[in-house]
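Shared between the two complexes below is chain A, which pairs with chain B and chain C, respectively.
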Partner chain A sequence: MSDATVDYRPMWRELGMDLEAHDPLLAAIPQLYADAYLNQKDRPEGMAYFDFVMSEIHGLRIKELQDHRAAGGTVIGTFCVYVPEEIIRALGGLSVGLCAGAEWAYDQVEHLLPRTTCALVKSAMGFKLGRVCPYVESADLVVGETTCDGKKKAYELFGELAPVYVMELPQMKRPQDLELWRGELDRLVAKLEEISGRTLTFEALQRATKEVNDKRRALQRLNAARAATPLPISGKDALLAVQVAFYDDVPRFTQMVNAIAAELEQRVAEGRGVAPASAPRVLVTGSPMSIPNWKVHDLVEKAGGVVVAEELCTGSRYYEKLVAEDATTVEGLLDDIAEKYLDINCACFTPNPGRIDDVLRLAEEHAADGILHYALQFCAPYQIEATSVERAAEKARLPVLRVDTDYSMEDVGQLGTRIEAFLEMLAH
Partner chain B sequence: MSDATVDYRPMWRELGMDLEAHDPLLAAIPQLYADAYLNQKDRPEGMAYFDFVMSEIHGLRIKELQDHRAAGGTVIGTFCVYVPEEIIRALGGLSVGLCAGAEWAYDQVEHLLPRTTCALVKSAMGFKLGRVCPYVESADLVVGETTCDGKKKAYELFGELAPVYVMELPQMKRPQDLELWRGELDRLVAKLEEISGRTLTFEALQRATKEVNDKRRALQRLNAARAATPLPISGKDALLAVQVAFYDDVPRFTQMVNAIAAELEQRVAEGRGVAPASAPRVLVTGSPMSIPNWKVHDLVEKAGGVVVAEELCTGSRYYEKLVAEDATTVEGLLDDIAEKYLDINCACFTPNPGRIDDVLRLAEEHAADGILHYALQFCAPYQIEATSVERAAEKARLPVLRVDTDYSMEDVGQLGTRIEAFLEMLAH
Partner chain C sequence: MLVLGLDIGSRTVDAVWIQDGAVADRAVLDAGYEPQAAAAQLAARNAIDRIVATGYGRHAAAERLGAAVITEIGAYAIGAASLHPEARSILDIGGQDTKVIRLGPGGRVLDFEMNDKCAAGTGRFLEVMAKALGCEIGELGTMALATPEAATVSSMCTVFAESEVVGLLHRGEPRERVARGLHEAVARRALAMLRRVRAEPPLVFAGGGALNPALVQLIADGLGGEALVAAHPQTLGALGAALHGLREEA
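Then we have the complex of A and B:
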């Protein structure tokens, strides 16, 4: 899918990738993408940027990462919204989300991890074992976290395959937890200073904070347009924007997303949509969705519904909260970063009432008719919290469909039938 | 199974239990116990105490708990070795492990928790939903912890059925984690002071520390005898002692276990065992085993092997480490309690090299021929850590059998076959 004029194979070879395995993987993406994305009617023109990004997903962006490293910068791989991109950037790093959205090398993975591990963790391990993810192969360091049992324990084994540093995310949000978490930022700074050979400065951290906030503001603006009826952009396209946010160049991404947002605002003013005003409006909440995991959105939208918001790590949890920008010292900025990140409402916290509030608020803001609770199989935090979300939603008279699934396509038929029935119910 | 002269039904009714469901449950235990325990040849005479305890498991001990409450004391339910019994006792509480060892009311449980939740958590929830555990019905408070995703999130729902207080166990063991954990003890003290109406004193905490240490010392002594060949007590009996330690009266239990230990020391001196000296010696490590979960031990020992040690929460993790007794202030004692508990090597920590060391050390001390890694299905921490345990054991030339199972008896045939093959290999 890469530009015909550029041969990235020498670069991939240099990264130690398994080209024989990577070729068919990369060849499969255009078809997947075309099926899910390119057949959509009346897409915003600005989405052409994401078509390009996807066509260069293992190409141009990887080349940029190599150029960045050649110029003395670092590449830091992450799997989670809790790893502060501001700090990485301020120390000359580029933060990239690692491949974790498709089944790969599960036969090898299941020698290390139980079969009953969630697809996200198995996929991440599979892409590394199979040497087919150029992002992880480009990473000077992978920064993990203790958000769930699966990731926490899998990082121990992942650390034998790649350089891994784990941050301890606390499990509650009290002052003493914020204190522990604030200390984790100091330790991350020390670790990144060590591998980058740089020293954190106020100016660099302030600039990075502003840049990452701008990225979040652009996504907020794009997503605000999804409150409109008819919907000016498909849920799938909006999801893709957040998925790409994890690894794209920050200022360029911000600019492109702002352009799309402007286009959407124009559409809203004109009452122009990608689906009829009568299309049932669904809010999706639950486990993260990594590229190319578009399964649920695709099923909803092909069945005539529209996804109007994602209360996901690849959704509102990624962009809704900003870091305060008025601190005047490094310490002050780090305090604000610690506070903002701990304020994200992941199901790894106990209790986690903030997520319920977020779901209900987003449902209201986006005029959702119903809620699709999506959990990866074996993702205990989201699967168990689904019970509380369902109760709260039903109290608010919002119907809920619970979908527990993985990355395989085996359940697509059955899932599609359930989703169709749910949409039909919402339409009445 | 209760003494024919005592009718406990009025007590159970007063506790709000479902007698119609409880009668058949309680009626099933004697048969289970007889099959696993009473057919064993040449058991230590002291085990008669445990036969009695088991015959009164929902009877006399529950009566004692009610008498204790009537006299102004409290009953505190727990599911985990990290909840400090010293503090509970020092504030007039009796610490009791809650029912979590058998399948019960899973149909109701699966309305709240995913089917893919470990048996321990499902069982605990089922016993509560079904109102058939007199321990939880006697509890003034259940003290939970954040040891795994399953428990952490299930406590949120459990808290709607019973009064629950959750302690945050950190996920690493660095100084800052000890600090957080130390603070958790202060908060637990405050919570228990509130519900008991008492104030923690140095004398009470010192006495409780000594009593609980004495219990651990007795178990250490009993288990030390299991280093001998031939083995003077079955693994099943030794496991039962630790299982009962979670809820029995502390001084009585200590006295009885010391008596058994003395008997075992006599047996060792005489070279008398419960199995031939040639019986393959197995160390069991992994997830906890609650009463009446004797499945793995039963299979090993009925197949001609012996279990010589348990690196389990219902094993060495429960009794190996003592709290220092020389502190002269409440604060000092709490510091020592915090340190001792954080030093337990549960798979919930990352990394957790201490557990590997414990397994290898115990295997050596108890002359184990092989290791049986036992994990409850969907118990991600132990299932994933099994890979590291297996590698370390194999490096030490200790064969490993990995068993992932639950509380059903459906896999007993297949498991038995695998265990027989493993023992046969160890014998050669």
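Then we have the complex of A and C:
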């Protein structure tokens, strides 16, 4: 961390970004971040790392990506937890989550996509069309997947703007689906070998598997501390950690998150929390939340509640499951990777009882008083599956608040009132 | 001990004063363009010991007047349970909000729903339609009850429905039938919200909408039972807020 302000503009220009549009975006992020994050009381000291990461979100990390490319490596952009980072890393790639968390260039987007497309897809398209996401501009390849219809069809158009490779993710979990998915991993390996000019080796894949598992273990450890009352870390801070996990340097991130987890364990031992023990505890489940989408967490926590767990792609779906590390061949490792990833419970699967089990289990482990079901508008998989979540929660006597929203701020007044009323209900 | 409950809404600021456990006074002021000024004016009337604010402007009142806050949902539940302990659901049609609440014993909130970011089907909607029909808001319900036949109004958007009403009048629809159609549309929407939270009778009907006899009748018909119109329906939220103030004290 240096004190001197580095001028990243030549680098951004080199990447072909629209600097005039990028300046106001870059100016807005610190304000957003300060409003949501820096006013929180008694944050863990380790969160200073994330403050730094956020201050350099389009700077230092992008510089690292360029250095990595200059040294012969690749940068692979992704939008989804199903794209196996182990394989990307084993072939000398850095996996980065692409910008998709704010409204950008919707006027241009709506030439290509219907207005009634979910905010995540529109945002991703907008950041690319507006040339303001340095991650996608750094990517040698964007790996898409067939999770939902919105993304699947949007990738066809996205492919006109950036090099895109789409993996077919099956939408059931039968043996023949696993077989299809396992084949998709072989095809991804071939594609990445072609892009990188390297050959996949057992040693590299084993090392990458271990590294990515360690990252997940660190996040598991951090999140385990959120079972405690009072809560040692805000939901917002915990959410940020997972959001950053998608694009940060893996060993460094792991080390920093382990340090925070140790700090949280200390806090739990001392009974020290970021909110009173009486604060209503909320589990959030549903559509993914990309940076800087902190809308719902912010509303819950500013209204006096705490978010104790996220059953989200930017939450437990990202870190809960590990790849087995005992395989002795490349094929064996790929089998284990295929199994682990297909075991994630996204609402694009049918049927999807595993997600309901995950929600109820997390609610119990984290002593949640209620569930906030968050869906992006036009995200049909999560919006529809909300009914099953509600039914199961009712049986478990857990109140549910269903929130369908987007990245705009026009509903925060009403939404804030609904969330406050929900918290009052939980407090009784 | 004098407690003031303030419901700072989009159209009116409503107040209830409770002195030693009993309602001492109530007031309804036009929110105008300075709702917080209206609230401050009400707060300055007497030497009060405690203020609890609810409604749209509750957080601003917390800052300006040092009020404690409770959401409209919580306040209506407390207010309704105090008047009708047997109530199991609430419908409130206010200025820019419609809300429905399912209650458990003791006025506990079990579920609720509010209209989202737009004022479709709320008091404001009827206000605009009254203007289009050339009558006062207070006369609109009586006009609708003058006929059993309703003109079809398909839009719930305040802006589109206004054009639709003008179109119907141009085609020679009697305004009573148009008024009836508008009320049926608002009632349908409210009843759908009630069904979504699985509201059960007895139902307490509150907010400015409960002053409208056509809405009261249509809601009762739709429920197949009675709608208990809260006494002073516009100040039910303020009453709940004031009662909440007493609880907090204890």
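One rule holds in what follows: the second predicted complex is superposed on the first by the 424 of 428 C-alpha atoms of A that agree within 3 Å, B and C clash if a C-alpha of one lies under 4 Å from a C-alpha of the other, contacts with A are read in each partner's own complex, and residues count from 1 in each chain.
Basically, a contact is a pair of C-beta atoms (placed from the backbone, for glycine too) under 8 Å apart; a residue touches a chain by one contact, two chains touch by 3 or more.
Just so you know, these numbers come straight off a predicted model, no measurement behind them.
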* Aligned on chain A, chain B and chain C: do they clash or fit? -> fit
* For A:M425, is the partner it touches chain B (first), chain C (second), both, or none of the two (neither)? -> second
* **Partner chain(s) touched by A:E410 [first = chain B, second = chain C, both, neither]** => second
* Rounding in steps of 10 degrees, give the angle chain B-chain A-chain C taken between C-alpha centres. => 70
* To do: Based on the superposed arrangement, let me know which partner A:D177 touches: chain B (first), chain C (second), both, or neither?
  => first
* Asked: With the two structures laid over each other on chain A, which partner does A:A154 touch: chain B (first), chain C (second), both, or neither?
  -> first
* Asked: Which partner, chain B or chain C, is in contact with more residues of chain A?
  -> B
* Could you tell me how near the closest CA atoms of chain B and chain C get once both structures are overlaid on the shared chain, in Å? => 6
* Structure fact -> In chain A, both chain B and chain C touch residues none
* Could you pull out which chain A residues touch chain C in their complex? => 399, 410-411, 413-414, 417-418, 420-421, 424-425, 428
* Asked: Mind pulling up the chain B residues that touch chain A in the complex?
  -> 112-114, 116-117, 146, 148-150, 152-157, 166, 168, 170-172, 176-177, 180, 183, 347-348, 350-352, 375, 377-378, 380-381, 383-385, 387-388, 404
* Of all residues in chain C, which touch chain A in the complex? -> 56, 70-74, 108-112, 114-117
